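Before we start, here is the structure in question, set down as structure tokens.
Order of writing sets the chain letters: A, B, C, D and E. Residues in each chain are counted from 1.
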Amino acid sequence: MLKKKVKQVIRPLRLIRGNLQKAGLAPGTVVYAGEKAPQPVKISLMDYDANTFKEHTPSTIEEVFDYKTTLTTTWINIDGLSDVSVVEKIGKHFDLHPLVLEDIAVPSQRSKVEDYDDYLFIVLRMLRFDHTKNEIINEQVSMILRDRCLITFQEMVGDVFDQIRDRLRNNKGRARKMSVDYLAYCLIDAIVDYYFVILDTYGERIEKLEDDLLDNPGQQIIGPIHEFKRELTMLRKCVWPMRELASAIQRSENELIADSTRVYFRDVYDHTIQIIDTIESLRDVVASLLEIYLSSMSNRMNAQMKMLTLIATIFMPLSFLTGVYGMNFEHFPELRSSWTYPYGFWTLIVLVATTMVIVFKRQKWL
Amino acid sequence: MLKKKVKQVIRPLRLIRGNLQKAGLAPGTVVYAGEKAPQPVKISLMDYDANTFKEHTPSTIEEVFDYKTTLTTTWINIDGLSDVSVVEKIGKHFDLHPLVLEDIAVPSQRSKVEDYDDYLFIVLRMLRFDHTKNEIINEQVSMILRDRCLITFQEMVGDVFDQIRDRLRNNKGRARKMSVDYLAYCLIDAIVDYYFVILDTYGERIEKLEDDLLDNPGQQIIGPIHEFKRELTMLRKCVWPMRELASAIQRSENELIADSTRVYFRDVYDHTIQIIDTIESLRDVVASLLEIYLSSMSNRMNAQMKMLTLIATIFMPLSFLTGVYGMNFEHFPELRSSWTYPYGFWTLIVLVATTMVIVFKRQKWL
Amino acid sequence: MLKKKVKQVIRPLRLIRGNLQKAGLAPGTVVYAGEKAPQPVKISLMDYDANTFKEHTPSTIEEVFDYKTTLTTTWINIDGLSDVSVVEKIGKHFDLHPLVLEDIAVPSQRSKVEDYDDYLFIVLRMLRFDHTKNEIINEQVSMILRDRCLITFQEMVGDVFDQIRDRLRNNKGRARKMSVDYLAYCLIDAIVDYYFVILDTYGERIEKLEDDLLDNPGQQIIGPIHEFKRELTMLRKCVWPMRELASAIQRSENELIADSTRVYFRDVYDHTIQIIDTIESLRDVVASLLEIYLSSMSNRMNAQMKMLTLIATIFMPLSFLTGVYGMNFEHFPELRSSWTYPYGFWTLIVLVATTMVIVFKRQKWL
Amino acid sequence: MLKKKVKQVIRPLRLIRGNLQKAGLAPGTVVYAGEKAPQPVKISLMDYDANTFKEHTPSTIEEVFDYKTTLTTTWINIDGLSDVSVVEKIGKHFDLHPLVLEDIAVPSQRSKVEDYDDYLFIVLRMLRFDHTKNEIINEQVSMILRDRCLITFQEMVGDVFDQIRDRLRNNKGRARKMSVDYLAYCLIDAIVDYYFVILDTYGERIEKLEDDLLDNPGQQIIGPIHEFKRELTMLRKCVWPMRELASAIQRSENELIADSTRVYFRDVYDHTIQIIDTIESLRDVVASLLEIYLSSMSNRMNAQMKMLTLIATIFMPLSFLTGVYGMNFEHFPELRSSWTYPYGFWTLIVLVATTMVIVFKRQKWL
Amino acid sequence: MLKKKVKQVIRPLRLIRGNLQKAGLAPGTVVYAGEKAPQPVKISLMDYDANTFKEHTPSTIEEVFDYKTTLTTTWINIDGLSDVSVVEKIGKHFDLHPLVLEDIAVPSQRSKVEDYDDYLFIVLRMLRFDHTKNEIINEQVSMILRDRCLITFQEMVGDVFDQIRDRLRNNKGRARKMSVDYLAYCLIDAIVDYYFVILDTYGERIEKLEDDLLDNPGQQIIGPIHEFKRELTMLRKCVWPMRELASAIQRSENELIADSTRVYFRDVYDHTIQIIDTIESLRDVVASLLEIYLSSMSNRMNAQMKMLTLIATIFMPLSFLTGVYGMNFEHFPELRSSWTYPYGFWTLIVLVATTMVIVFKRQKWL
């Protein structure tokens, strides 16, 4: 069990594996280098404006290229990166930089935004809770934000965007009425807001850990505490660059971001700060749990040792007394008197023991 | 009791609940998501200039809209956010951004100021002491500062503004003679100044903790110390963004803030720095209490163990001697002499014990 | 004694009391809120240029107003703030901002400089050693630097300016020949330089503490060490804003500061940095003392416990041997031989004990 | 073995030796002062454009000077710095600053880029794994980036550039089609990417250490943990200036860096940040291993001491009882009864021992 | 010995003494306030250009004034500051600011550069190793860099400039051909480079300390470790401002620094960074030594206590057995049998002892 836990410690290392496999290849080479098992490519498309809406699941990537020139807003979503030819075709058709394609295919990037004038390249780390496996999935979402077109790449099927899709389909809220940068904002906002869900899960698990700690403090608490510390550190490393990202988009001078959308990114920025604050609070709680545990363990240990030493100390003079009366001197008047044994000796024993207990109690040692 | 304490540790987590409930909703959706039980809406209004003063408690929000165009200064205060339609109506009438309304209805924001040209949106965390429940209430106050109009939203009835209301009613001080930005300053100043009251309470409680520590140091001191550390951290997290807020308003280029008012915000800024300084001092005191406690506990423990070990060590050779004279050798001259037992043996015992005590005293072990 | 020490810990808290008493009052209200017992107001005045010098002790504040328009340099010094009407009259006559008057009357401000175009408002924390009470007095000095006029406010009689007064009276040095900003510099320089005197006192006391630690290390050293840490922290908090103050005056664009005086403030700035460096060094020394103390205490404790345990361990097999020969077996040949007791037994005892001591010495346990 | 480990600790110190040998010499004096044994100079040259390719291994440095004026791109690589006359001749021919030559010859520089208008001087720390000696080689690579010409200096034969040479020879990828700044980028990228290989090696070794820790925790784990901490610190010190270097080249205004190449350096910058992140994660893992080790050692120690003390405590009253019945009182009824010994005594012993074990179990001490 | 060590701790305090003696004096008063015993003034002068060279040792300061107007470069060096009239005369003749003279006479300044338009005032902390006293001398070097003239002030005879003097005399290197700012650079470079010599000495001493630690770990290692920590902190405090100094001169807009010299100061800047890096590495090594020491001490202590407790625990049941057979029950069949003592009893003893040792070995306690 401890074994399993430690293996998880090493997991963050795996993030470098993507870059590792690529070390030595020419820059801009598009090779899939994700940690997760490669999944088949699944393309989906939404094309809409305030009045029209069209949803489509093309089987080949070429079908989506027709939407490049429409006046409506188009959202192309690609799940699964195993077939890099898809990425390369999109790159060629939409004239993307080779490094952008490389970053999409090696899904171990930090969150960032890069401005290529014609388009913005946005990378985000999307966390989501997989309820079947009861674990957190850490996935890279890459976005190409172009004029009237947003292309998103995900490592696998499943995301936190379902409610946005519903709103687009049913024309709820502002989304259909606004331009494509607002759609990008909605996706980023959904990703950031899901961090609150993740943090709440952590909050509950830490609360449970506290109950365990109070009910039955023991060595087994150390493992989870270190695990929480590590995972919160990992979370912070995911969120911190998102904060910069939100700030960079807000201050971006690229015309793809309308002034009216900028204020929304300020809101995303505020949320990332709140997330970081909450992570810090949780880390404080975990650190404080560790201190309480250590202090209570040390106190218990000390109390035990003291009690044992007290017992030994009380029996020391008593044993000495039995030793005295066990001596074989021929002239030993006390041994001869018939009064001594049953009364004198035991009175002495009780007296000595009681005196010591009283003295120890007075000294607050007991 | 420890249970209760730990539950309070987790409380800061609840701050994220507001955002949690909203995760997935369209941005700008106005849904009340406060931690506190929703309270009925209570509207109050003050309309004044240097010469006139009018106080009013409208039953519907529509009544206050008439004051939008008056030349006098209007302060609209709304207690309770349960009925979000009130917030939405104000938002519509005063043309507020959807994100502003969302931030008002989800009262878990950090202190901040946002400039929307026509109005400033200011969020503050107001702490106040509830004397009936003997606890600190952490409430969000949202302000809309418009031309000649200030709208404030609070989570519940009760605030730290009563003295300002009195000054307005009685035309004391500068308040009635100055424009609405000065009123906003007065409210912010009152909120910031109340932190001194809170800190003074902490000061007294920490002083009491010190008395307890000195009178009767023990394990029970650990809990409150960790609690103080946590609460002071929480306080610092509340004050830190206020410092930025005061600085931002002072440097703001929006014309809603008159140059003559700016200097007052510099004063608020100074106060926030003093508060942060005091919090740091209190944290140092608490940390120092913990160190004194740990060091005195460890010293006491060591002194006890040493004393017990000394007793055991003194009895070791004594018991050995009784063992010697308890041996059953047939040729054992000492046992035969009538002189040995009452005089020789006890003299030896006393001699050995005294020598050891003297040696230990010399070595400063006793 | 420990009690007394802890009470001093709390003292920094008192800095907030000034603000506490004012919480709720209208901003700019002038109410004396110092920690120290209010003292009667004492006004003194110096009026000079390179050729003339006049010293005066007016009994009412109105007398000094005549000097407002003279072409000579005027230094008005006010000791004692109990009578706030004096502060208010000066405020009215010299047209000072209400917040300036409030900051003068609440003498718990951080060091700062505020530029009001017509005048500079400078606040400094003046430390000085009261030789009668053998304690450090922490006092606020407020300065109003106007054209050809400097007004200083102190909480009580007694300051570090006597040598400057002598130089003015006797026309020594540059002071009389230069304008009023140079006088302000001289006062600030005197305050900053006195910190070196304070630090030197600390240096000597820490040296004495070290001698105590080396002569007789013990628990009583912990208290003073924590006290030093706290006081050095407090000192740093006093000096740090002075550094900013010196830098701000040097970079100030206000014409009240002549270019030729600016270079002097760079010198003040250098001194504050040296003071901060020295405080850091002293803190390192104190921290290092604590580590040496803890390590030597732990070593002594360990050495004692080891020695006691060694004694017990050596007697263990010896007692076992006496036990063996104390057994009552009827067939026990060793007991019958007349050779065994005086020779065999004691040889065995000495042999076992010597072997153990030798083994322990070899293992470097003894 | 510990000895060997500690010697490695000191090795980073040797980095200063280069500067040490030069202390006192005139600035700009070219003296080889590398830590490694000087190696013979080996020159190699590649001259290419999109269509032509020429590879050459000149025996004297003068042969390469002909390529200075060609219109094709020239890459001159020099392995081994022992013959400083080669460096000086290049310096003279290509008009390099004396300090540049000094920095090339003293290969203990931090990574940096210096702009001399006509050329950029780039210094990098190249780490590579020597599989024969199973150790990491830390080597300085100096680059002179001129118009259509790149000169690289290495301390010894062997580098991480072989794949780039292959790509140039076989005209794979973009390299031959682009100008010389892209070649410089390729080399820097190769060096930075190799850090991922190094980090992966560390990841595996730390994983192995964890297995050891879990299988057989012991004192021997301390050495490697401290070694890892130190080496990761050293790695971070190597990478940190590379981050600044990538950022500086990207923001450089020198025309030697084409705008189209700048975006590639942003990619290098991202990689350095990922490397730093990974190093931080590894440091956290190592720190966490240390804490787990210390905590488990302390727990084991405590458990042992407690068990031993329990055994001693249980035998204390038992020995007292044997002492009691070993006393020689003449009137001792229990000793006379034939029932006492085989039944009464042993029952008492078992009863006392069992009671103590039960009590200890209840108290969770056992 | 410990005494001596601690006194050295306090030494940094003495840096403030210079300022202390001056506290209260008028600013700009020139009073020698160095920590070292004042030394007689010794003036030396070098006057040169590319073709001519003249060396001179004037007995009075007035002799050097003739060189003020020569077209050649003049280096005036003054050793010893006891006669402040020399400093004052130079100040008057070269028109230096009073604060400059004060800073020269109080040689406890941080390294800094101050721009007075006509001249640059540079202060440096020169460390050098006094081989006769085997200690490091920390001395202030003050420089006045004027047009074609450099004046240097040192606290005592002896410096690190001898090789520069030789180069000037023998016209080696660039020095004679370049202007006076290059001479200033050479001196600063020599001072900075000597830090590498100092650090190398520390490296060797720390290596020796490691050997001691490994050969014979003991309490005596604590003192030197704390000393190294303190001295490395002191070194860092000396170097850190030099870094700023080098950077400030490089970016200086004063025409006294030629553009061609600026690049050399960038080199000095790089060296200071390397020095800081090395100091950090050494601090890490020292910290790691301390941790290894503490951990090995704690392990040894634990191993000893465990071994002693084990011995005691093994003898506990053995003594109990001797106690059993020492009882005086009349009906005690085992005591009667002639088989029990020589065989049964000792078999039992060996059996119990062996079982315990085996159990302890299994539990890895032995």
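In the analysis below, a residue touches a chain if its C-beta (ideal position, glycine included) is under 8 Å from a C-beta of that chain, and two chains touch if they have at least 3 such contacts.
For clarity, every value in this text was computed on a predicted model and none was experimentally measured.
Would you mind naming the chains that touch chain B and likewise touch chain E?
Touches both chain B and chain E: C.
Nearest 5 degrees, what's the C-alpha rotation angle taking chain A to chain E?
About 145 degrees of rotation relates the two copies.
How many angstrom lie between the centres of chain A and chain B, each centre taken as the mean Cα position?
27
Find the geometric centre of each of chain A and chain C from their Cα atoms only, then give the gap between the two centres in Å, rounded to an integer.
Each chain reduced to its C-alpha mean, chain A and chain C end up 43 Å apart.
Taking each residue of chain D in turn, which ones touch at least two of the other chains?
305, 309, 312, 319, 323, 326-328, 332
Follow the ring of contacts from chain B, passing to chain C on the first step, and record the chains in turn.
Ring order, starting at chain B and heading to chain C first: B, C, E, D, A.
In their shared complex, at which residues does chain D touch chain E?
2-3, 6, 9-10, 12-13, 15-17, 19-20, 22-29, 97-99, 103, 108-110, 112, 114, 116, 219, 222, 226, 229-230, 233-234, 237, 301, 304-305, 308-309, 311-312, 315, 318-319, 322-323, 325-328, 332, 334-338, 340-342, 345
For the complex, give me every residue of chain A touching chain B.
Of all residues in chain A, those touching chain B are 163, 167, 172-175, 185-186, 189-190, 193-194, 196-197, 199-200, 203, 206-207, 210, 214, 263-264, 266-267, 270-271, 273-274, 277-278, 281-282, 284-285, 288, 291-292, 295-296, 299, 302, 305-306, 309-310, 312-313, 316-317, 319-320, 323-324, 326-333, 363, 365.
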